[in-house]
Every structure is written in C-alpha cells, then in structure tokens.
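Quick one: the structure is below, and I'll ask about it shortly.
Labels run A, B, C and D following the written order; every chain starts at residue 1.
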Amino acid sequence: MQNYAFNMHTLPVGSQPSYRIGVLGASGYSGRELCALILGHPQFSLHFATAHSQKGSTLRVRAAGRVHDVPLIGPDEADLAGADLVFAALPHGASAEWVAKAIAAGTRVVDLSSDLRPGHGGVTHALPDGVPHDAPYGMPELFRSSVQGARVVANPGCYATSILVALAPLAKAGLIAPGSTVSIASASGVSGAGVTPKFEYMFAEVAENFRAYGVGNSHRHLFEMRDTMQKLGSDCDLLFTPHLLAVDRGILSTITVPLSRPLTDALEPFRAAYANEPFVELTTSLPALADVQHRNVVRIGAVLPSGMRQPTLLVFSAIDNLVKGAAGQAVQNANLMLGLDEIAGLQQ
Amino acid sequence: MQNYAFNMHTLPVGSQPSYRIGVLGASGYSGRELCALILGHPQFSLHFATAHSQKGSTLRVRAAGRVHDVPLIGPDEADLAGADLVFAALPHGASAEWVAKAIAAGTRVVDLSSDLRPGHGGVTHALPDGVPHDAPYGMPELFRSSVQGARVVANPGCYATSILVALAPLAKAGLIAPGSTVSIASASGVSGAGVTPKFEYMFAEVAENFRAYGVGNSHRHLFEMRDTMQKLGSDCDLLFTPHLLAVDRGILSTITVPLSRPLTDALEPFRAAYANEPFVELTTSLPALADVQHRNVVRIGAVLPSGMRQPTLLVFSAIDNLVKGAAGQAVQNANLMLGLDEIAGLQQ
Amino acid sequence: MQNYAFNMHTLPVGSQPSYRIGVLGASGYSGRELCALILGHPQFSLHFATAHSQKGSTLRVRAAGRVHDVPLIGPDEADLAGADLVFAALPHGASAEWVAKAIAAGTRVVDLSSDLRPGHGGVTHALPDGVPHDAPYGMPELFRSSVQGARVVANPGCYATSILVALAPLAKAGLIAPGSTVSIASASGVSGAGVTPKFEYMFAEVAENFRAYGVGNSHRHLFEMRDTMQKLGSDCDLLFTPHLLAVDRGILSTITVPLSRPLTDALEPFRAAYANEPFVELTTSLPALADVQHRNVVRIGAVLPSGMRQPTLLVFSAIDNLVKGAAGQAVQNANLMLGLDEIAGLQQ
Amino acid sequence: MQNYAFNMHTLPVGSQPSYRIGVLGASGYSGRELCALILGHPQFSLHFATAHSQKGSTLRVRAAGRVHDVPLIGPDEADLAGADLVFAALPHGASAEWVAKAIAAGTRVVDLSSDLRPGHGGVTHALPDGVPHDAPYGMPELFRSSVQGARVVANPGCYATSILVALAPLAKAGLIAPGSTVSIASASGVSGAGVTPKFEYMFAEVAENFRAYGVGNSHRHLFEMRDTMQKLGSDCDLLFTPHLLAVDRGILSTITVPLSRPLTDALEPFRAAYANEPFVELTTSLPALADVQHRNVVRIGAVLPSGMRQPTLLVFSAIDNLVKGAAGQAVQNANLMLGLDEIAGLQQ
C-alpha cells in the first residue's frame, strides 16, 4: 500500500533486486532531494516519506523527467520494519531517537544529522540505547571499507565534505606543515540553511548581499572536520569561516594549506589519491559552482601561489551541498551498505 | 559652453567656491559613478566627460534625485586646461599618457588606474615625462597628509582599499606575526569587472555561480598591497584570492592574520586607529555587502577564533567597490587636494 | 525625550519650521523606508517609531549617507498628541483603529493600509468612529487639491499607483474605448510582500523563478483602481494580473488599452497631462525597473502596436514599490497636508 | 573518427538502432543543449558538432551525470552525408543555406532558426534551391502527422511554443471571440538572448531589473504565431509583448483571451485537447518557471476572472525556453521524423 504507484519504474531494471527505502523528514531540502534520487534509482523503491508538520499533504518531486506527488505521512506511521534502509533527514538533536527506533526495527540507517558524526556537532549528550557512538563516517572516498555493509552510517556535513575530501590526500601524505593553521573560507548557497522560513533567508535579504556567519570556529561542522583530520594524521589547526551566497545551491571552499615541503605540481597529491574515485573530479582550471550543481561530485582545483616564503598550497573544492553534500552522498553510502554498485542512481 | 545646464545646482551653495571637474573615461562604471558624485557635490561642477568609442552620445546619470543626460565628448576635445581637477578613469596602461597631458595643462589629477600606484600593478614600464613615480597613494585613512594639496594622486584599487584599511592598524601596531602569511579571501560583485561585454560576465554565466579568479598571487592589486604593507612596517607575505559574486556591487574581504601577541578585544586595534575617521565604520557584528552598497565607507568587523594555538585574528572588511573602492575615494582625495571638507559630496 | 539625538540634522535648515513626525509600524519595509525619508527630510524630525513585536530593539536605517539606529517603541507608548503628523504603516485591517486614535489625538495621518482607500480593499466593514469613509486618495497627480491641507489621507497601493497614473490621462481624455477591457500584467519585486518570513518568499523559492499570483481579479488593489477609474469617467473593465519577480524592488505594469479613437503619438496624452508634474517621467524608450529604483517617480512609456484592427495603446509604467508606491508618495502627501513644498525631502 | 569516444553509451541500449546526429552551431545555448540531449539519448550518437569562431576548441557538456568535452569542428568539416539527421542551430538568415546543403547531402534536418518557419520571421527573402517554403512546423501537439517521417522540419520559436500550445485548443474550438484582440505578456530568461556578449545582457544590467523589449508587435516570433492562428481558424489579432527577466531559463506567457461564449471550467478546453500529450501538463494552480526548467513540457494553467462583462479567459503557459522552446522540441521532432518513440531521450 505504501509502495506508491508513482514508483513503477519504466526503466528496464530486469531481474535486479529492489530495495524498499524510507525517508524520515522528507519535507526539507535534503529530504526532497533524497526522494528524487530514490525515485530515479534503478534498484530503490520509495517505501515511505514522513514529515512532521506537513503530514497528510503531498510533496512535489521531480525525478526521471516527471513530477511525482509523494504522499507525506506522520513519522509514527512509518513502516520502519518493512524498509530495507531508512534515511533520517531530521533536525540535529531530534535524529538520534529515530535512528534508535530504526535500529530496533532491524533496519539499516543513514543519518544525515550531526548526531552520530565524529565530534557530534560539538554537542555532548548521551545517545539513545542502541545507537553506536562510533558509527562509520560516510565519506566513501576516505572510509569506504567501514561503510561497506554497515548497518548505521553517519552522513557527513556539507561543508565537511567539501573540505575533508580536499584535505585528506594532503594529510595522509604528511604534506600539511605540522602545527600549522589551515585557513578555510567557504561560501554556501541558501538551500544549506533549510526550508524553515527565517527573515535572514528571504529573497530581499539575500539577493545582492554577501556575508560571513558562524565565524570564529563556532560552526557545527568544525567538530567532524577536526576529528577526521586527527584520524588522518594531521595536527593542524583548522580555521573555518562560512559565508552565505546569493545562490540556491553549491559550496565553494577556498583552502590555504601551509606545506611541510615544496610541491612542483599542485594537483599531484590529488591525482595519486583519487585516480579511481567515481565522484571526485580534478581540474587544472578552477572549480565553479556551475560545474557541480545537481551532480554528486567533489570538483577540486589547486594552485601554488607565487612569492611565498612558506610553501603553500591553495586548494579549491566545489560541491552541490544538497547532492554530494547531503542526499547524493547518502545514496552513495546506502549503495555501499546494501552491496550495490556505488554509483547506482547517481549518474543522472 | 561645456559647463552644462544640467549642473545648475538647486542646492543653496551660497558663496562657496565651485570647482570645474573633468572626467576622462566617463562611460565605465567608475566614470559613471564619478559623474553622479560630481553632479551631487555642492562645490563641483562637471566641466566635461569623455568617452572614446561612445563620443557624441549621452550618458544617463542619476544624481540628486534626478536623471541627468551627460554629453560624452572625445578625449581630444577635453578642455584639460580649463578644469580645476581631472579624474582619469581610463584602462590600466592607457591612463598615464592622459595624466601627463593633464599635468602639462596645469590641472590636478586623480588617476584611478594602476599606472601610478605603488608597484604599478606589477607592470614595469617607463612613465611618460612629467608623471611622478611616487605619486601619493590616495588612501586618506593611511596617507592623508601626503594627499592634502597634492597635484597628482594615485587612487587605490578596490580590493586594496578593502584590505589595506583593515590591515594597516595591525601592521602599524606590530600585531602581525613577523614572517607570517596573511591569507585573504575576497569576493567582489560583477561591476568590478567593468562594462566591456565579456561572455564570463553575462547574466547566465554569473547568476547562481561562484568561483575564484586571478589566483596564486597574480592579481594586479597585490602589488600595491605588498608595497604598502612594507611601508607600514610589516614583512608578512600576502596570499590574495579574489572571487566573483553573483551580485552587482560590493567587496567583502575575509582576512586571516597570525598575531604577534594575543589580543583580548578583536576590535581594539581598529578603535584606536579609526576613532575619528569619517569613512571607517566598526561593527561588533559582521559587515555585509548590504551595509555598504552606495556608501563611501569601509565597514570592519573582527573575531578572535577559538581553538587556535597560533594567536589569530579574523578580520572582515566590506566596501562598495565603485564608491569607497573607486569613485567615492577619488572624490575624497579630490576634496583633500583642493582644500575642501573631506566629506563634501560624500554624505548622500 | 522621544526626539532622538540621531535626528540632529546637520543640514543647514536655518529658520525653517520643523515638524514632528511619527511612524506606526516602522519595522516593515514601508515603515523602514518612511524612517529613512523622515531622517533625510529638511523639515521633518522623527518623533517616534513603533513596532509591535520588535519594541525595545533598534532599527538600522540608512539616510543622508549615514546609518542611524532608530529605537522602536511599543505602539501604546507613542506620543500621538505630540506629533504633527503620523504615518500609519500597519497591516490591512489593523490600521483603522490607530487612525482613529491619531485623529482623536488631533494629529494628521497618512494611512498606508487599504482600510481607508476607495473600495476599502474589497472588505466591507465598519470603520471606527471618527475615521472618514471618504478620506482623500493620496495620489497627488490626480487629486492634489483634495490632499492639500487634509488631516487624513489614504495612501494608494503600489500596483494602483503604477496603473492609475498611467491610465488617468487616457480616462480623462475619453480615450479608453467604452465598455472595453483594459488588461494589465504587472510584475513586482519581493519587497512588496512584506517582511514576515514566508516560505514562498525565501531566496531559493524566488530566485530563478517567475509566476503570477492573486489572479482572476482577486487582488486587493483592484478595488481602489476600479473606483478611481469610475471617478475619472471610464467604464472600462480592468483585468489585473500581478506577478512575482526575482528582484528586491520595483513594479512594471504592462497595460493594453483599447482606444476610442486612433492616436498618432503614443505619448501625447501623457505630455498634456503631466507637463508640470515633478514625479512623473515620460520616456520615448521603455521604462525599466533600474530607472526608478530608490526614486519617487512614475516613469511612463507608450507604444502604438502595428497590425491591430482595434486601435490600441500599450502603456508601460515603472515605479519603486517602496518609494512612489508607498513611503515616498506618503511623504509627498504629508508635504501637501502640511503646506510644504511637495518635493521636500524627495530629491535624494 | 568523428564518432567520439565520449559517446560510448554505458546505458544498456541493447540491439536498438543508433542514429548518427550532427549539430550545426553547437556553441550557442540551444546547440549546447542539443549536444546534451543527444549524448543522453539512448538511440542517438553525436556524429559532429560545429562552431564557426570556436572551431578547434572543445565544448563542455553535462549529460547523463557526467561532463563531456565535445570537440568543435568548422562547419565545412561536417560530415553531412554521413549523418542520419542534422540539427541546424544557426543564426536567423544564416541557416537556410546549411539546410540546403544538408538536404543536398540527403540528410534529414531540424532547423531551429526562423528561416523556414511560417511567416519566415517577417523577412521576405528567397530560400535557397531545394529548401521547401512549406516545411512542417515542428510543434507536434498541433501538427504531429506532418512531422512524422518528414525530411525537413522548422522548429518553432520559444515564445511561439509557449503561446500557441496554450491558444490552439481555444482556436480550434472556436472559443476566441471573432475579431478580438488576444493580449500576451511574456517574460523570458536571459538565455533566450543567446551567448554573444552584449552589454544589455551582462549581469549588472539584468540583475534587479525588468523591462519590456521588442514591443509593438515587432518581435520575430509574431509572424509564425499569426500564421498558425489563422491555420487553426482564428481571426483574432495578437498583441505580443516580451519582457526580459533576471533569470537564466524559462518563459511564462500570460494571455488574455476574449471568449466567444462563457466557460464554467477554465481548464476544460485544454483537458479535451491534451489528454494524451506526453509533454503538456495542466495545473489547477498557476504554472511557475521552477516547474518547467530543464524539462520538455508546456505547463498550462487558466483562470476565469471575475467582474468582466466580456467573457474572458486568462491563460498561463510556462516552458523552458532552451528545452521545449528549442532543443527538447527539436529532439521530439527528430524522434518523430526518424520513427522513434516521441519521448525517447526526453525523460531525464
């Protein structure tokens, strides 16, 4: 009954197994993007989509060239046990209890909140019984093996994805000068702020404007970045400054990295690390938001600036905050958890 | 004859002296802004406005609540000798020869190109006879006394203005860690790129996009910044990365400054330096482009980030690139050169 | 005490009389624009500014080249009796009772809501005691004499201003074909929707989008337009279709007028009617939003389309919805009510 | 050799026949969109892509989740004879000669210029030998049978598509009042103006602006609309007024239709006509650009306005100007010409 008619795939999926996928929190931007990706995924069917305040209404989702009307049910009506995997796209703090319920129901979970991530978004609170404190951090380019087959995965923050995929090869290669400060200026489109109407995100306040926010190392994503950098072997200090762009989607991170030794080819560390990654693109020019919007990629460029006494690498990293920064990476993780082709449903 | 009827000020200027002002290169964004400021200035009259390819047409300028149609004449028709002061808003490289002509005609000049600035925009070429190699750098907040009464002034670059006004108090106070790297991520509205139609500045290429350009310390403004920082006593390396915003006007610079000693009040160095500056605003929150558009101010905020081993100051500096970053600062300089009130014509 | 220090005009107002002006509802876009115009008006001082939910906070207002912090008080604290004139910029339906209080306190009022306008925004309700049912409709270009010296004036709606100023000369001259349909497609910037955060006005919903709303003759402004057209002698049917633009400010109305007789000069009716109007501009090209933003003008263009059996005039009318469409016209009315120069404070 | 490696479809196209498709004029917005659609089409391979001034460079095209680098060759190098079908996306006036060459080479052609359309864009010139004066007008919803199997098809203009698909059911049903004026206000995103850099399409001139252009029935698309309306049996006069929006993509047409008889259900004429059309969507709310961007659909809403003596229907029609308004409809036509499923390659 909950396996909606709109999900009768016309694609010739043949005898491929189909997985029933639920979305908790489908009315937000990430939730909506998840529904679209599920509806377009050759091996997924949308089992349910929940929304707290909008239950009973329908969500308009564009997928596979059509507009789908997805019925939104209340979270308590969700058939957790009947789903093969659930995406939890709930507010930070509210997510962990639903992860616990899904685990108790025997269902796999990809949690898009910060609740299960390393550093826990800077919040120290007890997780509900059954929720692991060390859920795999779902950034396949760095931690693929821990995601494969996992039952619970913490999906990374959008800023963290753009920054850690760019920094990881440098950290692993010992290229970041010990004890140095890595300074990061990121800029994000407004969809990163979510769908709740707030004055500062209204058109007239955002258009023709640009400003920083969450400065001074106060942003939630800093904690998962710090924890991960340590795991990757770097003791650098991160200085992270997000900005709000008058665009809908996309994050560009501009990263200043003091090097432990000079480089002659700015892209060399990335070529070695990401030669076979389906969702990392290297460019000898500079990545722009327009290159990555609506795509599940991290696009990286790098430059060796002239006239510096301290060898320094300038790295640019662009993603779509709702795709590789949220729903797309979540599907990538789900594919790995279910043993599917990692790129399934992410090539459109 | 060239003292246009449209300049019959209705303001009660009384017995105040009126200066005849010319604009060389009035068809660009800076030139147009200069015309508007001159038309609204209580002691200026617009003596001529030149344009190379658009000579013979009129320029529509909004000033003092009205729309003015300014006739554009060819540069060779300009009555240089009859003007009290000329603004040269010509392309880099083409400006110096016109500065020489104005000097030869006995006229004061504010040059908005990089030709006369410290570092000369990175270009090493001989200046025409009569053009000084050491023209005062027209940033009154730093070099007021050298601008007062000067006959030739080099108007600073827009990025340089946003950055140097922010860095100068730190440099003068010895607060920048010796030998350190000051990393600067700036973002500018499209008007900074000028009026010449280019594909990369068309609406469809800029809207919903964001990207860096001129990276790796290759931007023209870097040279005047480096030279000025040395004069101010800092030996830091600057790493300057400009970005292109999907907005019309404004520059926000986000500056990471390694400190030579810890600070307890992020704004303290700026309060001491800028207590009496009419065109510098300090804010305990964060400056946004919307705060400064169409105004001749530098708006500065600063934060001491947490969790850093190296004491670090994060400085934010916002300007309107066409006003404090170009035409407004040029009028500020002209006021000082002519012995007028520095704020005349800049309070609208 | 309520005559704030920030209002010590530095302008040489000499011996000119100064009027104490209050703003009821200062936190909306129109209220904020009113505060800016009052602060920049040579004969006005801001006596108080009220806000319901934001009382106790300050409102940042840019006027006369500076940023002012205007204290917001609760409406019940407003010194109505001590003000010479009050602008009521309150929600439709909530305004009339405050107009009644101001009248009872002996204060002049310009009401920016639809409560007192002809047609009353389509709402049939009793007005409070003392509030006139036939307050002058404050569109000076059409009804100047009834506004001069009036104690209560209904300020027109923004769409109505753009449309009626364009249609009035045609109606008065009998140029609109009797019984015909005048079809009006208007498009407005988002600021017309007010400051209350709503999902449909968030950046991501407005940017890159365009849509109609309030269609089928259901918009509140239709009633004052219909009533006024009848007063001007036309029996035409109006078909009014507003649209929402991805811009901050401005309204462009594109109006198809069936003519009662052929014209040879599309602008002729407007030239005759508006030769001496300070705030109406005629253009032989087409008016654009960029021509009128931040200015108190209606800019009108007109074209006689080819190939039509029915003689038809196509009229284009552009205004800034917050200036000539709201606060600017309100100040224009206040000037007339107080016997001041109609253009005072509106030339910046 | 010209069957590029980038076109090795990974889709399981099985034993389906593959057609070699050429694009003349691939560097424009329509040409680029055509390349993307061809690369994502299960039965098409991209045989060549030409560009006059950019020959020798590569075109970056996003299709099927990847970025493709398409080599651009000069038009004279194009293997016309080896292609099964050619899309001509060349400037108006320059296209007909290439259509003639393709016809001479025995290749099918879809011409996206106005050269072959009914009315010929208002230009009366001789077509080259072999080019038909009565090529089928490729709007399948109206003229499907004449497109099926055709060797040459004139692809409609973008505005014409949005308007004619909306008006055709009314014209065919005799619902448009005889001799009446149908007034059309359309608004288009900037991509409709093409890729050639012009001052009026630069970001700073378009953002925060809105204006009409090509008014007074002077727009090229009017001619094909008039001709088609006559063919559909209506003698109405069209009054067509296009406007320029500060968005990238999309056209919304707002159409006022005087009716020959009253209607009770605004959508009824459209339901009857378009019940089985794969690319026409009807909505009981109002179509917005966001509903149709990047999709090959015409989305139609309609309203019966109140208070009108003349029965009137207000119709809203939204399309993506580059998809259903250009490249998507061209592929739809190509599918019909080649006997393929009409929706092939258009469901992404």
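As a working rule, a contact is a pair of C-beta atoms (placed from the backbone, for glycine too) under 8 Å apart; a residue touches a chain by one contact, two chains touch by 3 or more.
Note that the structure is predicted; figures quoted are calculated from it, not measured.
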| item | value |
| --- | --- |
| Other chains in touch with both subunit C and subunit D | A, B |
| Most distant chain from subunit D by Cα centroid | B |
| Whole-Å gap between the CA centroids of subunit A and subunit D | 37 |
| Cα-centroid distance, subunit A relative to subunit C, in whole angstrom | 46 |
| Multi-partner residues of subunit C (at least 2 other chains) | 205, 207-208, 246-248 |
| Subunit D residues touching subunit B - in the complex, by the definition given at the top | 29, 189-191, 195, 197-199, 201-208, 246-248 |
| Residues on subunit C engaged by subunit B in the complex (per definition of touch) | 12, 62, 64-67, 207-208, 281, 291, 295-296, 346-348 |
| List of subunit C residues in touch with subunit D within their complex | 179, 181, 183, 185, 187, 205, 207-213, 215-218, 226, 237, 239, 241, 243, 245-250, 252, 254, 256, 258, 286-290, 293, 303-310, 312, 314, 316 |
